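In this document, chain identifiers A, B and C correspond to the written order of the chains, with residue numbering beginning at 1 in each.
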């Protein structure tokens, strides 16, 4: 267990000299810096916030903190769902949101170089205006790309294009010691020693601070359409999912959603998009599928093929969204799930387990049964195509302590079940501080020892983002 | 109940961007869609048909590609579609457009073998934003009109609408036949289903030319249009970024109030 | 052709004996046009018991007025109003007819212009005279405001246009100014009015509709308390605006979530966004940067909200807003 020093006026002066005009202290610190989107994992204010503009500033600040054993927590837009950016031990918080420049496109190698504080939404729009696509598409469009890399965020398009990891070619990192290093390269292959680049991706700000990124981009598909596919029940809905792959269809997105959450979301956005009763049959679950292609004809063929496939598998109907506004409307409901749940819920916790695709239906049945036994309201949706489920525990009448106790019990059971069926603790939200306990149970002490060992090599004084991922305090 | 819905194919104005260098509209790559207000008009027509029976016909005036917009309409409940097209019609303003459409209405009525009881239009097209073709069509046809409908029902030959007002609505009626322009509806327009989409693909869309309409071409196109576009420009959106600092609150506030009212922002 | 047609008319819309503002507003730019052309500016008033409106129109700048009164004009109907206006135009042959672009104005205008087989330019925001042709140059936004177009009607008369409300300011009311008021006895038979108004329903606008609001006044952490929002609301009421807020406010329980603008709230694009005591975190800015004009009031000169603001005041919002309300009322009065 490390003990940290407290931030003295003298150290703050040093920080101000290292990042002139970019240091915030005392009452000027915005309370938002003490939490992310899941305050249930604990909140804690930093003693000082630095909002650097360059790699060099980050390095200078890091060096001072390392010498003085001051804990440092990196933070982007603060949209995390696992407590990863909360400065549990106070100290210095480094806010990267002002390092938000898209630096350059290299259209011969199809990469873009950016600073870590660029918002996913801004990068997506900028790429789109150039006929390009940065495929990772997490639900939260106002997260920083640096944070997406730090959690290896996935998102809707991961089923076809892969997660953030697949699009990081190179990065500049400031190590906890203040050294600056470059990992990876613009090239598309490597067999050049341990992949430190891949260690950094998904390390949730515990191994170093990303200050620049080189990301792979692709030419945007020419035409897209989305299908809203209602099913009578969740089982039929989920069991359709593997059939897409079997039929060599490769949808860009393949999401499932239960009736309840669709209704919540439509109440929240104030418009009804998903059909509820079709030819007298009430829809109990839906698939939302996006297909892309390079020509209209190719797309039409794909749509017809997909429609035939799902109708045979028991879908009630297939609705086609093939204009930008119709596609936007269809996805607006999906994108608002989290907000809709937050709106209707006082106490909230969530998990984003990932299970093998063929286990989704039976796993969800287990989750719903366990939720009932634990006395919790459960709302689920997720990326059906890659087995990544977002399971929300909601309560409006329990005390916080009672809620936490029930959620604890619930988590123990469902994470154990996830491990038993061959799944993992987190698909894309990360471990942060909230899920360490379950990570240990899932991967075992040996793997935890390896992770901690790696952490020590990068961060001898253990000052960077303490209390997260593998470093238990 | 014979219902005609007038639709226009428009560029998706949400997707239109201004070229930062030339300050002109970038239209390349902007998708064409059915004018959103027209999709509500069509949905209203289809709902009335579903409630009391009848037929919904759609008509559009435009270039050949406008047939795509009509296909879309066929996939969400329209039973038949006609495209009014020809170079004589190009460059028409609202007076000429409504004149051509009124002639098309008569021709389609002959082809369909029955007069229309109800003619629905969107309140305006999102490219031109004039809101004039609906009322002018009613005038040419000598029909009563009700505009800005946010809900409508038909019963016993009477159409009843909620007409949008600033602080609520007016409940209004007129006897059929009539022209109604639609703002929105309590429900969103439906999505096409795969079956309706494939069926729509196979339906023929007859094209009506100036000859088919036997129309006075001197009243069509540029020749028949009393209004002329003299010039166009893009409004400047450069941020002035006026920051008032170091003044007492009342002076600063007075200065801001003057700036905002002079610039007609408030 | 145009020899026979002269003078500029402004149609001053009335309902239930009262004038709508836009008619008086339009007399102001129309006065300028009439002076440039050296012709008369005439107000046309149709309604029930509206002689006072005709008098007011003269005080707002018209040289004279034409007045049509009757029970059938108490509420607007397309048939009654279009019939009356067409009859007047055919009798007096004005060169230009300007109509307020209210729902009623835009309902009646095309009916009239079509019957007269002349041109009508919709929803204009600027008026001028083309020096070369002498025609009115009607300027209007199109393509959802992305493009402005200037339109003329060179060959047909009258040249007609509808003009958007609140674009022009009323001229100063000239107390005691008089002019000729010509009464025209035009009546439309009940059975010639084919539409019926059954009921006027006022809806209480309690639902928060940030997305469709033209003006949003938004408060942030700087507002400090639930009570502090009274000041925000006062400004919003004055401007006919919807109240928004930042996430911090919702988290603190000062406002319900439905009012939240930003990343985890609503994305808005009003004409005017007034951010009071909002620092301008990216999450918030992401939800409102589509506003046409952003106005910021914040005591922290370095607050990032000023980076995106078109207008800003550095100062305490509880001093600035009341002062602004007073200054604004003075200007509008």
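Going forward, contacts are C-beta pairs under 8 Å (C-beta built on N, C-alpha and C of every residue); 3 or more make two chains touch, one makes a residue touch a chain.
Computed from a predicted model, the values in this text were never measured in an experiment.
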Chain of greatest Cα-centre distance to subunit A: C
Pair with more cross-chain C-beta pairs in contact, given B-C and A-C: B-C
Subunit A and subunit B, separation of their C-alpha mean positions in angstrom: 42
Centre-to-centre distance between subunit C and subunit B (centres being mean Cα positions), rounded to whole Å: 22
Rounded Å distance between subunit A and subunit C, as computed from the means of their C-alpha atoms: 46
Per-residue multi-chain contacts in subunit B, two or more chains: 14
Where subunit C touches two or more other chains at once, by residue number: none
Touching residues (chain side subunit A, partner subunit B) in the complex: 129, 227-228, 271-273, 275, 303-304, 307, 311, 317-326, 329-330
Interfacial residue positions of subunit B with respect to subunit A in the complex: 12, 14-15, 17, 31, 33, 36, 72, 75, 187-188, 190-194, 197-198
Residues of subunit B touching subunit C in the complex: 11, 13-14, 16, 18, 25, 93-95, 98, 126-136, 138-140, 144-148, 160, 162-165, 167-175, 178, 225-235, 237, 239-247, 249-250, 252-254, 256-261, 264-266
Residue numbers on subunit C that touch subunit B, as the complex places them: 78-79, 103, 106-107, 109-111, 113-115, 117-123, 130, 137, 140-156, 167, 194-203, 205, 215, 239, 271-272, 292-293, 295, 301, 306, 309-316, 319-321, 323-324, 326-328, 330-332
Subunit A contact footprint on subunit C (complex, rising order): 221, 247-248, 257, 263-265, 279, 281-283, 286
